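Think of it as A, B, C and D in the order they're written, each chain with its own count starting at 1.
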């Protein structure tokens, strides 16, 4: 018998996400976001999703704008100095979708609790803040050593987790070759984990520096080859964030929440619905533009 | 102003450990043990130490044999198939030194609690075992979500932590280039951290693959250059365990606990007290022997 | 490149921050805070070459670099080029107890140094404005040794008597024991830095207090721009203005694009 | 190299273990357990090329290797040569909930599958024999899906009615709910494997029960070598002996040094 290969196509990957699923999105703010996977899911308009993400940006805003999200759990939605975003900042929150108020240290504790198979991890991180009263999943827990009570964060689990990384072998051994942010914790808490990569390399290449492996095949269910797959976000070692693209999106999203959905719809048609597949998307963006995103001086 | 360099000599490093200190020892069983640092401390016969170590071997046994240890906290003392060891297995435990019964998952939880600055981390790992009744630092904690109670592991902190790694720059950025075992957690819980390395490399070499850095200078107080410094233990990427040397030690240690300390004393004189410095120790072992420990077929 | 014009208020604030940093301090830089970032970089390039700086997951030392390309995009994988190491966010968060200095901003900052990045309004499910979220500020500010609050907009809308929501706890309802009785390990907010002034907290009741006016700012304007009764000390300390060398480094190596020289807040 | 002699008891035990493993199982191998290690490697080289194996911090796949050099030294950085990844022990421990199969040994194993690596004696501070310690077995056996216990020495000294100390919890004082009422996520010990026999546990009271005699072993010897009343089923299942190919792979690729062919236990 030979080892099973885990490489699948984008449509096969997107079909793994069902209406009502909880979906984790890796990366951090505008870096290493699994955009190709998300675009494929957005094309399908999968509905009633619970989105769980570390600090996030345009990718989550688009899911909200397309009406695909029932509940949002993220400590941050923005795009640093590039721009504030659309739907999340508007009156949609609490009405078109619900928010389970989250903070990064608390999210990490919840993912950690899942990995450790314990009913909670205690934290002082949100003691005294409004978060315990805004997030109904949190409880107080006594300190058996006599100190003041802490907040108990219960395990967080997801149906599917989507990750973007530099490279993987066909067996699902993944190397970020840079920051992993909370991708490893997310993957540990995912019932299914799909990783999109800039390139697929040989098993021997992975084994050349096994200490660089960030997710072993234990944690990976499928690998999808998506060069430039994080665009318009940055992909570590590969290309920078396409700030102009995000600004364009922010313009159409802002118009949309002000009741003028036409530009948003045009954007969605142009970049999501019309391109048949990831390669066609990249051609729509334009290769020259993509090439210009390499690291500068 | 220029950056401060952290490279010091072995005697300077050993002088950082005082009588009565709690000392953490990195590595795992017979791999990546900071033997050169420990030999230097053993030469000084620093006393009343509390030793905290992940699965450990001859290095801890020698500290016990030399009467330097007041309290031992380790989940394992042995040497896998090589041999059972001396004092630990004898009637010395509980008499010449005390044991705070520990388990690896519990140790990790305690180190984690320290790093997270919480009074405890809950675990089910030792529920039902004898460990909660043997280790007075553990408490029961209620599950605020209604499940059965768990064991609360309080923070573990150490005065000094000793680590062995492949390489570091002179500013204290360390790369193991392989397994880190629990070295990172140990370092996070050390008030002072001393790292011995096979080689010191340039800052530029470290920055070539910053994702390989396992301890940044935040966690490192001193770096000591000790080629072959893990001998007789294995040093990942460098040399294998010197099983014959460990067997020799086990023979003399066993004789010692049976009331015949002569061979043990000879061993201590030959390998610890007589050699003036690390280079002299390596010459006593013999370079041909050291060279033979390279990776085989 | 260096033009010998007077320091702007933001440049002065950055110099203030730089001077608070000791060589060897471990400092975490968050997103979207160019003034604190400039202060930390200035310190690193002058008296604190051993300051340990993390930016997201990247542990960088910038003491020897020629210049930093874009202060507005510091949380960016491009900083990996100067990284001594890259750590997971979890390792970062669990190293907070070692952090000497961190920064946070806020939609609202109240008189006791609590900050709000959650949203504005009385009804959580019907906010007037939804904020970006807490990021990691709750956990970081609870645990790090001390933190500074940066206010983009010094106005009664931002500096309020009481935050609508609290994302990072400062001194709660006031009082020097308000943190210790909750078990929070960190020493709490030390300074509040705005484009108009630098403020600290009264030792006893932990109410916000004016410390320095920034260049070109008027005391009456600062009082009127603050939505609560700022404590005004009898004797307002003079702040030693930025030196020529500090300004030169700021302008030629730290802030090439002039974020701190723009007039807009 | 392959000599067509009959399978030894240890080889048969390894084959039994191999046959319990499903392709794709996630398996953790501890130190100093050559028989379980041989079983796992045999499975990987036959029907389980996708079994995910970790040895300490090394995540290896050995499906395609020519041979494994030293079964007695499996927990050794030399295995890094076949590693797909290297993880910290913390990551490993926190991935236990995903582990399908783990192994533990013991100085003592009791009739309910509790194991003792701590020590022998009534008085903890005056033990007759101090054991090596629990390693990570308490946490791993509490959480992994199922585990097998390997007994080096099948004797009344080792297989005891009640352990002096418990390092890894099996079925406590017996009863199918003894784990769930403590909240332990794992399904507990499934088999006990000695050089004489393979045992499992009664479904209801979780008392240890004989399942197979290993080649050359006598029932009366097994009964006398067990320090408690082993349940003897009316009808003892026949174990399909190792096939020629299983033996060949064991001897030529897995166990070149013959750990499983030695007579000593």
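What we mean here is this: contacts are C-beta pairs under 8 Å (C-beta built on N, C-alpha and C of every residue); 3 or more make two chains touch, one makes a residue touch a chain.
Keep in mind that this is a model prediction, so the values were computed, not measured.
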item: Subunit D and subunit A - chains in contact with each; value: B
item: Interface with more contacting C-beta pairs, comparing A-C to B-C; value: A-C
item: CA centroid of subunit B to CA centroid of subunit C, Å; value: 40
item: Chain centre separation (subunit C, subunit D; CA means) in Å; value: 56
item: Subunit A and subunit C: spacing of chain centres that average the CA atoms, whole Å; value: 28
item: Numbers and ranges of subunit D residues touching at least 2 other chains; value: 58, 80-81, 86-87, 143, 183, 185
item: Shared interface positions of subunit A, touching two or more other chains; value: 112, 116-117, 119, 123-124, 143, 147, 150, 178-179, 184, 211
item: Topology of the chain contact graph, where touching chains are joined (line, ring, star, complete, other); value: other
item: Contact pairs between chains, per stated definition; value: A-B, A-C, A-D, B-C, B-D
item: Subunit A partner contacts - residues on subunit C that touch it in the complex; value: 31-32, 34, 56-58, 69, 72-73, 75-78, 80-81, 86-90, 93, 118-119, 124-127, 129-140, 142-143, 165-169, 172, 179, 181-185
item: Touching residues (chain side subunit C, partner subunit B) in the complex; value: 23-24, 26, 46-50, 52, 54, 58-59, 61, 63-64, 80-87, 91, 93-98, 143, 183, 185
item: Partner subunit B, residues of subunit A touching it in the complex; value: 116-124, 139-145, 147, 150, 152, 154, 176-179, 209, 211-212
item: Partner subunit C, residues of subunit B touching it in the complex; value: 1-4, 112, 114-117, 119, 169, 171, 173, 184, 188, 203, 206-207, 210-211, 213-219
item: Complex contacts: residues of subunit B adjacent to subunit D; value: 28-29, 31-32, 54-55, 74-78, 80-81, 84, 88-91, 93-95, 98-99, 101-106, 108, 112, 123-131, 134, 143, 147-148, 150, 178-182, 184-185, 234, 236-237, 240-241, 295-297
